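Next up: some structures, all given as structure tokens.
Shared chain: chain A. Partners: chain B in the first complex, chain C in the second.
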Partner chain A sequence: MKIHSGTARSKKKGISYAKWGYIFLLPFFVVFVIFQLIPLISTVYYSFFQYFRKGLQIVGPNFIGMQNYAKLFATDLPKYFQNTLLLWVVGFIPQIFFSLLLAAWFTSSRLHLRGQRFFKTVIYMPNLIMAAAFSMLFFALFSDNGPVNGTLISMGLIKQPIRFLASVSGTRGLIAFMNFMMWFGNTTILLMAAIMGINPCLFEAAQIDGASGNQMFWHITMPLIRPIMAYVLITSLIGGLQMFDVPQILTDGTGSPDRTSMTMVMYINNHMFSRNYGMAGATSTVLFILCAILCLLVYFVMTKGSRDQEVS
Partner chain B sequence: MKRRTNAVVAMALAAAMTISLAGCQGGGGASSAAATSSSGEAAESQSSQAEENTASSQSESEGKVLNIWCWNDEFQSRFNDYYPDVQTVAKDKSTTTLKDGTTVKWTINPNKGNNYQDKLDQALFRQESAAADDKIDIFLIEADYALKYVNSDFTLNVKKDIGLTDDDLSQQYKYTQDIATDSNGALKAVTWQATPGLFAYRRSIAKKIFGTYDPGKVQEQLSSWKNFSSAAAKMHSSGYKMLSGFDDSYRVFSNNVSAPWVSGTTVTVDPNIMNWVKQTKEFTEKGYNNKTILWDDKWSADQGPSSKVFGFFYSTWGINFTLEGNSLKTPVSEGGKEEKGNGIYGDWAVCAGPQSYYWGGTWICGCKGSDNIGTIRKVMKSLTCDKDIASKITKDTQDYCNNKAAMNEIASSDYKSDFLGGQNHIKLFAEVAPKINLKNTSSYDQGCNEEFQSAFHDYFNGTVDLAGAKRNFEKSIKEKYPDLTEVKWPS
Partner chain C sequence: MTDTAAASQNEKKRKKAKSPARFGCYVVLVILCFLCLFFFYMLIINSTHNTFQIQKGFTFLPGRSFGINLRNLMNNSDIPVLSGIINSLIVSALSAVLSIYFSTMTAYGIFAYNFKFRKAAFTIILLIMTMPTQISAVGFVTQMQAMHLRNSLIPLFLPSIAAPIVVFFMKQYMDSSLPVEIIEAARIDGSGEFNTFNTIILPIMKPALAVQAIFVFVAAWNNYFIPALLLDSANKKTLPILIAQLRSADFLKFDMGQVYMLISIAIIPVIIVYLFLSKYIVQGVSLGSVKG
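Now for the complex of A and B:
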């Protein structure tokens, strides 16, 4: 590589490799502009319009300024945002806990676990199932006369079936549990990669100095995987804010009971019944802004230490 | 050389990524666009030809493809079995060939999550620019949203455009025409079935509680809502449930309202619908029902052999189709037979119940822009106006057909249903059907009914109070229909 760049520099009229860089990037940007940027801009654009279907009649688009936003903030939007965050947090806490634990175990040279490949495959499995199918499965498992209730009753633990999906904590718990199940495998793999990227000399040195496994984890592993943790947290946060398929299928789009499991994207989807692009656009724009603010916040908090170091 | 190879490989990878991404993103739209494909000049010339055809509806040069849109195979099987011009049916049932060589193309989009209407609406908006053979010729609609299509320009006038005469239509039940009549009084759709509702109950339970399973005697016990409640109390004290769940009696109340759901931009909740709320809350608290929701698996199980539920409000199709299937111990798909001894087949009977009502039904619409007007006329005439075909359908399938003469004939014959323990249920249907009143419908009924039931499930379950359930209904109805501005509750 060095030789090439050297020759390129020596000949002034040499081939510009930068051109190829742009050419290879082009497909991405074309796809990005067509499928991401243009829809994004049109979403924001239509959020200022009255534009929906009344039966088979198309109303609008009529420019109405900020009216959609005014209407939106008069609704229960904060509640849906809270629901979304809560569902994400309740799922994310066990997810990060178990992922860290498993990643530490799998990479520990002391434990030297056998059959790692098998376990890695198994814990990743739930993520391979479509979220909708997974949700459908849970709906059947935890229904009033589903196998879970059937087993509990036949074991004599309960007399009446537990109506999981009729209670707030049952529904929210199941959604969080599903999200945890689906994503902890993925997070484990990411964290393992991060831990394995740490120079083993550090662990060896610490061991020679007599550090315990616990100490090594908290004082070597944790600080060094911080950038990956920030990445995991931010991607999970974005995924969490866009939570849709699991609660949508589990509650049949109602967010029941009492709209306590209605997420932001489910709320956007409600507006699509009458193709209400104005209100759906306004909600999407608000979600986009909230998402950006939260991600920036997480990024700055999580990487504060390492950025300070860079400066010093 | 090596560098060039790398470049080629990288280029290929990049291209592959673009294509796969594009495939991903476009996937959703592509499948729904499947119905209409060709465009350009050919389409234009064909569509102008189609317009000529429509203008002279008697024209012999009809399109060779008849596109029919529906959401399940009910109409498809009626069509294949009873339309006289059917020549052959494709093995996968995706097409049917008629005697004159016309190919019937079936487009079936399941109803779940409003999927059918979404796809249909998209196709209707493209109807004008679609090639003649891709244009929808016939589509089916349900009662709850019939007005949405009936009041639009996409449906053809059954008399003026399609050419059925008053004489042809004279034997149909009036309510089936009322619902398909637009605001200008034009009939826009016809149906082969009438869907009066009855109360289906278990003979064995009736015998234990009332001492008799005779439909006439049981009807006396259930003749009013007051009697119905006291019967429910009797059931409860013997360990039985009167109804399965929350929504079972909904249709009986919602069909007997004094005004449509929506007038202008105001939703008016009828006092009778609040009576449903009151009754269901009472039944739930006292343990008279099993807290199920319509169509969930426990609700279906409650119609099966191990159930302790006394009865279900069901209309015609529910009895021969849903209830019969659910009552078997060994389903037909697992080799079970529809006969006495398999589950509770034969243990059922029907009576009129506290109030007359209807539930469901499927209407046939001719679609604007069709180049098969003659065929549509023939389909409508033979399936919805022909006495012999109607009578045959009822005798074969126990379905109730939209032909007064044929049904009254069966009602007074010695026809009996083995599933209903030898009862002639057509006789009961024939008594109830003329009483159905369908004046109070609006094009918002589907959303109002669905959201109302769903909002009040929380109230019955005790997770919200009455005011909370009302608030939730208001929220969801305004999300669904942005043009609705106000909800009025009865005082």
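Now for the complex of A and C:
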């Protein structure tokens, strides 16, 4: 529709502005192709090659077909994929729970909570913090002779320092907790925006019909914020698959104990440092396929949302 | 229980019945806020203590070693803090400027002109919007090596020209608050297309530009993965790499006062900016998303 009226207009005036559209888009797409698209293609390309450094000698690149993938799926990948997903899930459950709770409270006209701006400001803050620094801070605080242990000992609660980072659940728990802290404020704000976008008439009508707060939440709010819940879930999963800074710094890139907190991007990073571009490329390609599927889902959620809006 | 009982009663009684529930909400909120603030408070306090005091446990009062910690860190030849701060500032500031200028330009191109690939271009931008850059790290690093840009700051800020998420945000903002008539009026007055964009559109977009500039700046300031792969020489390193370096050094031998000081230098500037602009930043978060 719009395109049609546009061409009609430009014909009438005899000037076409179409070329300006291309000129304005040119820098974006040139940079995109050079710095993102070509690297992506060459990443996939490298994944079919044997290409690594052995001492000072560089082996390859030799074409070896799918061998990198075969090796990857037979050995390390399933474990690191599980680690990554587990770390994400353990952080995401409290994240979505508290975000929903807070968003419902903040938008409730019955509760009418005061100091909302303060609370929102505070809970969003960790989202802007450098993940590497945040992780380093946790490492320093929770290390064997750090202040957490120091405090617990001086209070007489424990005799020996708790070695948080030597236990599987301690390390994973800390990583998930940091992710939760960094993201629940962001999610709360997104969900609040969604809830406030709901037509207030619906709530008023329900209230007249005698619906309780709980009923309104489950039967009006939840179904109507489903698109944004899907958006939050998928984008969080995309972010979760990329998890790197926090576990990398906390475990110094080792994924200790016994590689139980090694994520997929940490694995890529390790191969990058040993210049094994073939294996790093294959892992990246697997991640790319997963992310591409998720990006498509985000696209459908978003475009569906706007279509619904046009109708209403 | 209280919910259903209260709903059927009149306004005054309902308010009374609600107060325990409200109190419960405040308790949960205060606990969450405490969690968010506690670690940063501890960070600031610890940066004013020396190693020995820090290991004894948490104290809630600042110590007297702030100046000594700062001086020791600045004089530490293993950690080039000053050049780290400067490098981080250069990368973040240039990323912010390039990304908001060119991404707004892209969004404007899609918003204002009708051309054949308009819809396709916007679809591509939406599709790559949530695509993380980490996945192409292998190709990116090898390509930068081939272009002799490894160990340089250029590949850290130049790619910001193509920031799909900023384009999307700007397009949303234009759709909601940029009247097309302005462009028509400028054309009638004889303004060139570039001139219109630079002198009329950009000033109107100022609030959106400011918010996005902050987001891009912070993201670049915090970025660790790609810089760590590209930068080798000590005087090129950015702050996150220096922090990672602390972790890999023999940590226990380290002066903890310096460790907390370096973390503070990385975190506190962002917190200060945030405290001043939190209202706009929080608004920006909700505007940038899809509408439910």
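Following the convention adopted for this analysis, the second predicted complex is superposed on the first by the 253 of 312 C-alpha atoms of A that agree within 3 Å, B and C clash if a C-alpha of one lies under 4 Å from a C-alpha of the other, contacts with A are read in each partner's own complex, and residues count from 1 in each chain.
Rule of thumb we're sticking to: a contact is a pair of C-beta atoms (placed from the backbone, for glycine too) under 8 Å apart; a residue touches a chain by one contact, two chains touch by 3 or more.
Remember, predicted model here, so these are calculated numbers, not experimental data.
Contacts of A:93 after superposition: neither chain B nor chain C is touched. By the touch criterion defined above, A:70 reaches neither chain B nor chain C. Chain A is touched at more residues by one of its partners, and among chain B and chain C that partner is C.
Judged by the touch definition given at the top, the superposed model places A:168 against chain B, while chain C stays out of reach.
In the superposed model, A:227 makes contact with chain C only, not with chain B. In the superposed model, A:186 makes contact with chain C only, not with chain B. In the superposition on chain A, A:296 makes contact with chain C only, not with chain B.
In the superposed model, A:205 lies in contact with neither chain B nor chain C. Of the two partner chains, chain C is the only one touched by A:123; chain B is not.
When both complexes are overlaid on chain A, the residue A:35 reaches chain B and chain C alike.
For the contact definition in use here, the residues of chain A common to its chain B contact set and its chain C contact set are 20, 23-24, 27-28, 31, 35, 140, 143, 145-146, 252-253.
Interface of chain B with chain A (complex): residues 7, 10-11, 14-15, 17-18, 21-22, 25, 113-114, 121, 124, 148-149, 151-152, 154, 291-292, 296-298, 301, 443, 447, 454, 457-458, 461, 463-464, 468, 472, 475-476, 479-483. Chain A meets chain B in the complex at residues 20, 23-24, 26-28, 30-31, 35, 52-57, 59, 75-76, 140, 143-146, 163, 166-168, 252-254, 256-259, 267, 270-271, 273-274, 276, 279. Considering their complex, residues 3-4, 7-8, 14, 18, 21-22, 25-26, 28-29, 32-33, 35-37, 39-40, 42-43, 46, 54-58, 102-103, 105-106, 108-110, 112-119, 121, 123, 126-143, 155, 158-159, 161-162, 167, 193, 197, 218, 221-222, 224-225, 228-229, 239-240, 243-244, 246-248, 251-252, 256, 259-260, 263, 266-267, 270-271, 274-275, 278-279, 281-282, 285-287, 289-292 of chain C touch chain A. Across the complex, chain C is touched by residues 2-3, 6-7, 10, 17-25, 27-29, 31-32, 35-36, 38-43, 45-46, 98, 101-102, 105, 110-113, 117, 119-126, 128-134, 136-141, 143, 145-148, 150-151, 153-154, 181, 184-186, 189-190, 192-195, 197-198, 207, 210-214, 224-228, 231, 234-235, 238-239, 241-242, 244-245, 248-249, 252-253, 265, 268-269, 272, 277, 280-281, 284, 287-288, 291-292, 294-296, 298-299, 301-303, 305-306, 309 of chain A.
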